[in-house]
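Some structures to go through are shown next.
The same chain A turns up in both complexes below, where it pairs with chain B and then with chain C.
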Partner chain A sequence: MNQALRLAYRNLVGAGLRTWLNVGVLSFTFVLILFYNGLIDGWNKQAKRDSIAWEIGQGQIIHKDYDPLDPFTILDGHGNINTIKGNVSPVLVQQSTIYPEGRSISTLLKGVSTNQSITQLPTGLLLNTDANIPALIGKNMSNKSGLKEGDEVLIRWRDSEGTFDATNITIVGIFESTVPTIDAGQIYIPIEKLWELTGLENHASYFIVGEGYEHKEIQDWEFNSQSSLLETLDAMIETKKASGTIMYLLLMAIALLAIFDTQVLSIFRRQKEIGTYIALGMTRGEVIRLFTVEGFMYSVLAVILGSIYGIPLLWFLAKNGIPYPVEQVQDFGVPISDTMYPVFSLGLIAGTLLLVVVSATIVSYLPARKISKMNPVDAIKGKLQ
Partner chain B sequence: MKYLTILLVAFFALSFATSQDPDANAIIKKIDANMISNSNITTSKMTIYGRRNDRTITAKSYGEGSKKSFTEYLSPEREKGTKMLKLDDKLWIYSPSSDRTIQISGHMLKQSVMGSDLSYEDMMDERKLTEIYTAVVSGSEVLDGRKTWVIDLIAKVTDATYEKQKIWVDKEKFVPLRQDMMAKSGKILKRVSLSNIEKISGRWYPKRMNYKDMLKQGKGTDFEIVTIEFNPKIPAHIFTKASLKK
Partner chain C sequence: MNTEKIITLENVVKRFKVGDGEFTALKDINLNFDKGEFAGLVGPSGSGKTTLLNIIGSLDSPTEGTATVMGKSISELSHKESALLRNHHIGFIFQVYNLLPVYTVYENVEFALLLQNHSAEERKKAVMDALDWVGIADMANKKPAKLSGGEGQRVAIARAMVKKPQILLADEPTANLDAENAHAILQTMKSLNKELDTTFLFSTHDEKVMKYMDRIIHLRDGSVEKDEIINSKSSSK
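Entry: the complex of A and B
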């Protein structure tokens, strides 16, 4: 085996530019696969962390008639909050329309507990103010509506009987979050105020659960665990990962095709060498192994080369992050930060390494099988076979 | 002398009584008599004034009581064939381009119809004013050259869309010339201006209405009656879901 490795190394180095072109493409693919998967993993981690911190908490208790994805359920999807005790924060959702500068914008009016600390929503800003109805909005909502801190805006809503009412609210704070589902088209006011405005005293659409809460069956309310609430996010990121796989598999295929092509050419051009090996006593299997090891060596050299420029590059990106144009993608409803930090786990590095090495070895072995059918005399003579 | 005193007292009492505002509830009853019919077939033209361009939609509607109505859009080409059926508090819309019928309910009913200043709910709520509001005459004004009673309406039912309304009623024709619809806070949300009042089948009826969302900029939405037929007999099959796809 040592002899095969030595011979393979000499042959590869002897091939010069051809070898380094193959190694270069393969190393680029290796680094790219690592980079892309690391980016997706980093995004996944950040999205989950931010969703938990801003929206999900340790889970949510949702009224049985309320479906956050179905606006039809807002009207009737709420219930009395007195049945639920513990470290939970109630949220009442109602629909409304605001009229900034004569335009109408449909909004979700959310009543939140001002002293909650389960999520990072700065609800404390709703407390120390003289405003009649203080309101919080996100940066995205602020950009879309043109509302700034201190602005008053007319809001129209309906009470529990369906009768219209309208008054001014004052924007007392604008928060910045990477979670668009708590920002776009949403206004937060103290829940007590919303009860007063709608007549839905002591009602909530859902609760955000904090640390230490232990759920027991409660009539009309359903507990959704943190992991079940993150399922959609997981599925979305998996889809993104799968679509990215196509791109790097294509690149990988090009690199492997180059190795395959080189191997076919080598076997064709080095027939005399193959014949000599066999004449000197090497078995066909040993010659096949030699050529396969050459292919394997491509991947080893690619990993070494990739590590030389990949490690500092990926380390730099993991440390400093990659700026991302958030505003263009926030409308898709995916939590995304303006700087994405890739995460390179040991599993990811080992998996990618294995993928590159195994696939390069397989594509080297496939053309080498032809050697087993070669006649050594004809091979030494250089006759085409 | 005794009879003369009685006569004088009676005269002053009568003249005092006639100088008082009339019974507001009687006025809105007369408005209902003009505006509401057991059934009607209407061809109308709705002009929606947008920021960039205006759109005009013509439609033919059939209505029976306050619970049943059926509308088919006749133009423009894009909306042609779209049909709406309302039965009680349910509304279905058929779109010929997708050949699908969808039901509109809940909050969707509060959305605007084809970008106009009218909501589906505005179109569907055909209850009589006397059923929803108690009325008080608050004065009289001249509006567009017509003498009007100004009447304040306060909801007597809990499910009124607008808690308060102020209407200017033509003293002679008993048709509102303006209708301000207000939120509970008193803020004017919508204004309907009614004009081109004509006598049709023995009743006064406004052939032109402008709906204006007072919280939004813009000229609002014009609703013009091209033809209207009161109390015709409408075949029962019109008000079935099957008629949406015909």
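Entry: the complex of A and C
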């Protein structure tokens, strides 16, 4: 193997521009795969971090009749909060409609604890205000409804008896969050006010769990761990990753095709050379190994070249982030920050490295197998077979 | 005088498929070569010279008959055993030199020793010695593309001789050389033959080459037409 490595290195260096073109394309692919996966991983981490900080906390205790994904469960999906003690923050969810500037917008009206600190939702803004019913909305909701801080808007809801009622609420704060699921179509008011409006005294649809909470079985309530709540997010990001994979597989295919093409051409163009190797005493296996090692070395050189320009580039991007047009991708439904910070884990780097090296070696081995069928006499003469 | 038989050909026949039919390149060849011979296979194109060299060099095998080289029957050798035989005992010189284009002169000559896993020190000494034999030590770092025809063929000789093989097979080694270079190359080969007692076997149809031979085997249409002993060191079949 030592001998094959030495000869392959000489052949590649001796081949000059042809080698460096292949190595250049392959190194670009290597860096691009790393960048893309790093970006997705960074997004994944940021999305999880923000979801935990703004929405999920350490988990949620959800009333057995309430399904966050099913609006028909909102009406009856709540229960008494006195059964649950510890570092938790109750949230009561009700359906409502607001009428900004004569338009009607269906909203989720959420009653939240004003002194909670489990999530980053700035519920403190709901305190210390003269407004009769102070309300918080997100920036996205503000953009869609046209509501601004200080605006009053008519809201209509149904109480516990099913009777419609309406009043004005005052927007006392607009928060900015990367988590669209806590923003779009949602209004936050003090839970005590919502209890008053609906007659659902001491009721909540779910609780957000904080640090140190230890769950015990509670009738009518189900504990959802942080990891189980993040499963949907994971699945969504995996889907995005899979669709992106097609792009880098195409790039990879182009780079590998270049190597394959070079190696196939080599078998024909270097026939005399192969015949000479055999005449000088190389076994066919050794010639195949030499060509395969050449392919392997393409990838090694590509990794080295890719590291030379890739490490500073990727390090810069990981440190400074990449501006992202959040407005254009809000509909993804996944938390996206306006600056994405790629994350390059050791596993990602090792996995990509392995992918590039193994693929390049395989595509070199395939044409090299042809050598074993080559007649050395014809090869020396350079006769095409 | 050494009379050790190094190559024995008995009733060797070689046929090639051509389309639906067959072409017989060698017909019932019976020849022996002793160690240290300086012999030439002479004949027009298509007479079977190269085919015979290829069989002796274990690059090809006879269709019928037995070719024994260094005590080994060529037909019975596996690919690996053939490679081993060539690696340790047989040197090749080709008409168009077949130098490896991406290697320097030094690396081309060193190649044969790399296959034998010699140490770097041993390789360096042997390569420089071989380049000295053929008088091109000062060109060690040149690439083949920068060499003249004569220089290229000297590199090919150095590459073939560096491992000190028992047999050296040269296929039309002077065909691409002018008279002056051909003379110099043959003188070099002749002196190596004397110095190292290597068996030299040429294929040629160059009249100028023949005067250097101790033995000339005339081939025509795949058969031995005449086996001439010029110098008593060579033996006949």
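Rule of thumb we're sticking to: the second predicted complex is superposed on the first by the 382 of 385 C-alpha atoms of A that agree within 3 Å, B and C clash if a C-alpha of one lies under 4 Å from a C-alpha of the other, contacts with A are read in each partner's own complex, and residues count from 1 in each chain.
One rule holds in what follows: a contact is a pair of C-beta atoms (placed from the backbone, for glycine too) under 8 Å apart; a residue touches a chain by one contact, two chains touch by 3 or more.
Everything numeric here is computed off the predicted structure, so don't read it as measured data.
When both complexes are superposed on chain A, chain B and chain C sit side by side without a clash. Shared-chain residue A:R103: touches chain B; no touch with chain C. By the document's definition of touching, of the two partners only chain B reaches A:I74; chain C does not. By the touch criterion defined above, A:G14 reaches chain C but does not reach chain B. When the two structures are aligned on the shared chain, A:E273 is found in touch with chain C, with no touch to chain B.
Of the two partner chains, neither chain B nor chain C is touched by A:G347. By the touch criterion defined above, A:V377 reaches chain C but does not reach chain B. After superposing the two complexes on chain A, the shortest C-alpha to C-alpha distance between chain B and chain C comes to 69 Å. Comparing which residues of chain A touch chain B with which touch chain C, the overlap is empty. In the complex of the two chains, the chain B residues touching chain A come out as 105-108, 110, 155, 158-163, 181, 183-185, 187, 189, 213, 215-218. Chain C meets chain A in the complex at residues 54, 57, 59-60, 79-80, 83-84, 86-88, 90, 92, 94, 98, 100-103, 107, 111-112, 114-117, 159.
Residue ranges of chain A in contact with chain C, taken from their complex: 3, 6-7, 10-11, 13-15, 272-273, 275-276, 278-286, 376-377, 380.
Note for the complex: chain A touches chain B at residues 71-76, 95, 97, 99, 101-104, 154, 156, 158-159, 161-167.
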